[in-house]
Amino acid sequence: MSTVTSAVAEAARDLVLELRREVAALHAELPRNELVVWTAGNVSARVPGHDLLVIKPSGVRYEDLTPESMVVTDFEGTLVEGDRSPSSDTAAHGYVYAHLPEVGGVVHTHSTYATAWAARGEEIPCVLTMMADEFGGPIPVGPFAIIGDDSIGRGIVATLQGSRSRAVLMQNHGPFTVGASARAAVKAAVLCEEVARTVHVSRQLGEPLPIDQAHVDALYDRYQNAYGQR
Amino acid sequence: MSTVTSAVAEAARDLVLELRREVAALHAELPRNELVVWTAGNVSARVPGHDLLVIKPSGVRYEDLTPESMVVTDFEGTLVEGDRSPSSDTAAHGYVYAHLPEVGGVVHTHSTYATAWAARGEEIPCVLTMMADEFGGPIPVGPFAIIGDDSIGRGIVATLQGSRSRAVLMQNHGPFTVGASARAAVKAAVLCEEVARTVHVSRQLGEPLPIDQAHVDALYDRYQNAYGQR
Amino acid sequence: MSTVTSAVAEAARDLVLELRREVAALHAELPRNELVVWTAGNVSARVPGHDLLVIKPSGVRYEDLTPESMVVTDFEGTLVEGDRSPSSDTAAHGYVYAHLPEVGGVVHTHSTYATAWAARGEEIPCVLTMMADEFGGPIPVGPFAIIGDDSIGRGIVATLQGSRSRAVLMQNHGPFTVGASARAAVKAAVLCEEVARTVHVSRQLGEPLPIDQAHVDALYDRYQNAYGQR
Amino acid sequence: MSTVTSAVAEAARDLVLELRREVAALHAELPRNELVVWTAGNVSARVPGHDLLVIKPSGVRYEDLTPESMVVTDFEGTLVEGDRSPSSDTAAHGYVYAHLPEVGGVVHTHSTYATAWAARGEEIPCVLTMMADEFGGPIPVGPFAIIGDDSIGRGIVATLQGSRSRAVLMQNHGPFTVGASARAAVKAAVLCEEVARTVHVSRQLGEPLPIDQAHVDALYDRYQNAYGQR
């Protein structure tokens, strides 16, 4: 492994250290926002300029995560730096980075309401202005796929390429979200669960009112371009 | 901006400082009462005697808010004091202050159950004594409106003027609440979500029993006039 | 008020001080167990050997409650000791103490699921062993009644006298629970909401299976007589 | 009792002390993961090499539990070491250890969603990859049984012996989970409630899609053999 380790350029050292801190800290948002129980969720970040990613080790609880315990892998999920096995979802994260160059962060959870839609294989209709803002339309469903080859990664990428959404509900499994950074992907995971819950609750007592496509487009455009601090 | 800033009278300085503290502190009630995720909600206060309001900056997370980071704007949402862009909902808050002189505070959230009623465009019927106490009747729905002109503000004001309710559910969007103070508006936001949830849960298994209008009136009158410490 | 205050016998001083501490501390259980929002719930304790009770002041938030801020009233709700107005529910608590001598504590909340059953005027059927243990059968519904005379108190007492349950759901209003002590009444309030939620959830997807009356009786008898530390 | 106590071999002393610490600490996971209210749940651990178990005392609140307050009993639930009465569920735990030698830990709760399925006497179908991973199929229902003889223990064992699941929903009562260790049984209790909730939510708006048995088998095999740190 030492030759692989030495392949991590000296110039990338500080960057990787910073990403280890960021990714470790962002994992705390998952239980804090009630997106996960036990160890069932993970955050990763692309190492810019390298075919590498920083991700959670497998089967470790959130309160035990530290910057040092994070692991670095290539896009096939092979360990490059770190003492522990990478998350069993690492190959799916790597496939996304390899095929979607604009993505800097990936999050996977089994958050309750998003996973409930995924279990029915049903997309979440865009009936909330918050949803138009963040996702630009419905949150789509990806195919059923199991761990073992690159079928999860392929399913995520194919579904996201056909949608403005930063979230995809993998059938019977749970949501994956992406963003320009790991922090943006965590935000998308939080909002994905919130809109999944709100639309679910709304549909329990009737049919939510649709939003005109022109309004969805206007909301999405404004939020992506004008919201927040410049 | 210095000329605008100098327009904030010396006598109003201490008042604005106090309102910055109050509004910053009240924002902590939003996540604490589970009314918001990420940055999706805001509280404002009128600066008494001035056509000014104090509000949250745009896109900043609740745990990063301080009295100093709050911003002061006029009722059109133009920045008067502060380093950051005001919340993108500022113009809607300002419209309310400009047209409802008894209002001293405004709150906007996307709280789950209130937003679920809003997505169906359905008012919340008054079937709880707690609801008669605080809202004096049903919580009404306002029109669909998107950011960009004063249509959100007009929708809020027109709906509240036809109701005793301090809360309005803007269609497909979420609740806005008002009060004599920012604190009273936050209380209305908390109770709006609670009655939205309770009536939702009740309706899931049947039809809640109506309360006679005479009883609603008696409860509202007593609560508005006799409740709490004198 | 000094003559009334002096009527609180010297021997009762220490007892009242201890009850002030206990009742203040027990109020923290209400938000902790998610039974209340804002100020909407209260706990009281009988002062043994006196026609007096210790209760929360009106409209004060839970985090601001101290032993000193608690108030002492007679069973009509007239203030005997304390600087603040008693809870607006005090007369209902007092009526219970006056008519049910075995009761040492009373709790009132608007907890979500119990109130949802109350809004439909529907008793909670006894389909959980935990419910048989604690309540000995269904949790009954009391009549619609509003503040202003003793109709709430009468409704609580009449309903509890016809039931083994320590909880009653006042129609369109919310649960009142009783116990041998204030702590036991708080426990009943916590379990009332938990069984209200669990039976609600169970009924959402079908009909819960009934428990034979003989089993309900056996569970109730064992739990009341054998559970916990002797 | 001293002769029984002396039967706890000197060599087992340290082991029992360690298990007291572990079982006391694991009880904190029950309220933390919202599996219990008040005192309604318990964790036990087998004392390896001895027909003994460590369990929570009866009727004590979670925040008052310490390693010292845990009790040691034999498999019939007779107290061997400790000052307090053992949990009223001790005989059920003991029956499981006596009949399932691979089990090192047992957990019992009345967690809301699992208990809601139990109240209908309905197994949870395996429609989530997380469920295939952890439980290898549906979570089965055990018979109605009440405390007083060994019928609860027999019902648990008979149901688990016919299933790959580490969880059983005792009818009208609640879930029992098992694991190689007390920690593994707690994890199963957390995941049992999470899948009970997610499948419930999914079924509220339609029918979840089934997962092919071959995929369930593949997921279960991988997770049991390859997941986590080696």
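Order as written gives the chain letters A, B, C and D; numbering starts at 1 within each chain.
In the analysis below, a residue touches a chain if its C-beta (ideal position, glycine included) is under 8 Å from a C-beta of that chain, and two chains touch if they have at least 3 such contacts.
For clarity, every value in this text was computed on a predicted model and none was experimentally measured.
Visitor: Check the residue numbers that subunit B and subunit C use where they touch, and answer same if over half are used by both copies, otherwise different.
Guide: Different residues, largely: of all residue numbers at this interface, under half are found in both copies.
Visitor: For subunit A superposed on subunit D via Cα atoms, how large is the rotation, as a multiple of 5°?
Guide: The rotation relating subunit A to subunit D comes to 90 degrees.
Visitor: With chain centres taken as the means of their Cα atoms, state the distance from subunit B to subunit C in Å.
Guide: 32
Visitor: Roughly how far is subunit B from subunit D, centre to centre by C-alpha average, rounded to an integer in Å?
Guide: Centres of subunit B and subunit D (C-alpha means) sit 46 Å apart.
Visitor: List, in ascending order, every residue of subunit A touching at least 2 other chains.
Guide: Subunit A, residues with two or more chain partners: 204.
Visitor: Which two-chain combinations qualify as touching?
Guide: Going through each pair of chains, those in contact are A-B, A-D, B-C, C-D.
Visitor: What residues on subunit B touch subunit C, complex-wise?
Guide: Touching subunit C: residues 33, 127-130, 187, 190-191, 194, 197-199, 201-202, 204-209, 211, 215, 218-219, 222, 226-230 of subunit B.
Visitor: State the interface residues of subunit A toward subunit D in the complex, per the touch definition above.
Guide: Within the complex, subunit A touches subunit D at residues 37-38, 40, 57-60, 84-85, 88, 110, 112-113, 115-117, 119-122, 144, 146-148, 171-174, 200, 203-204.
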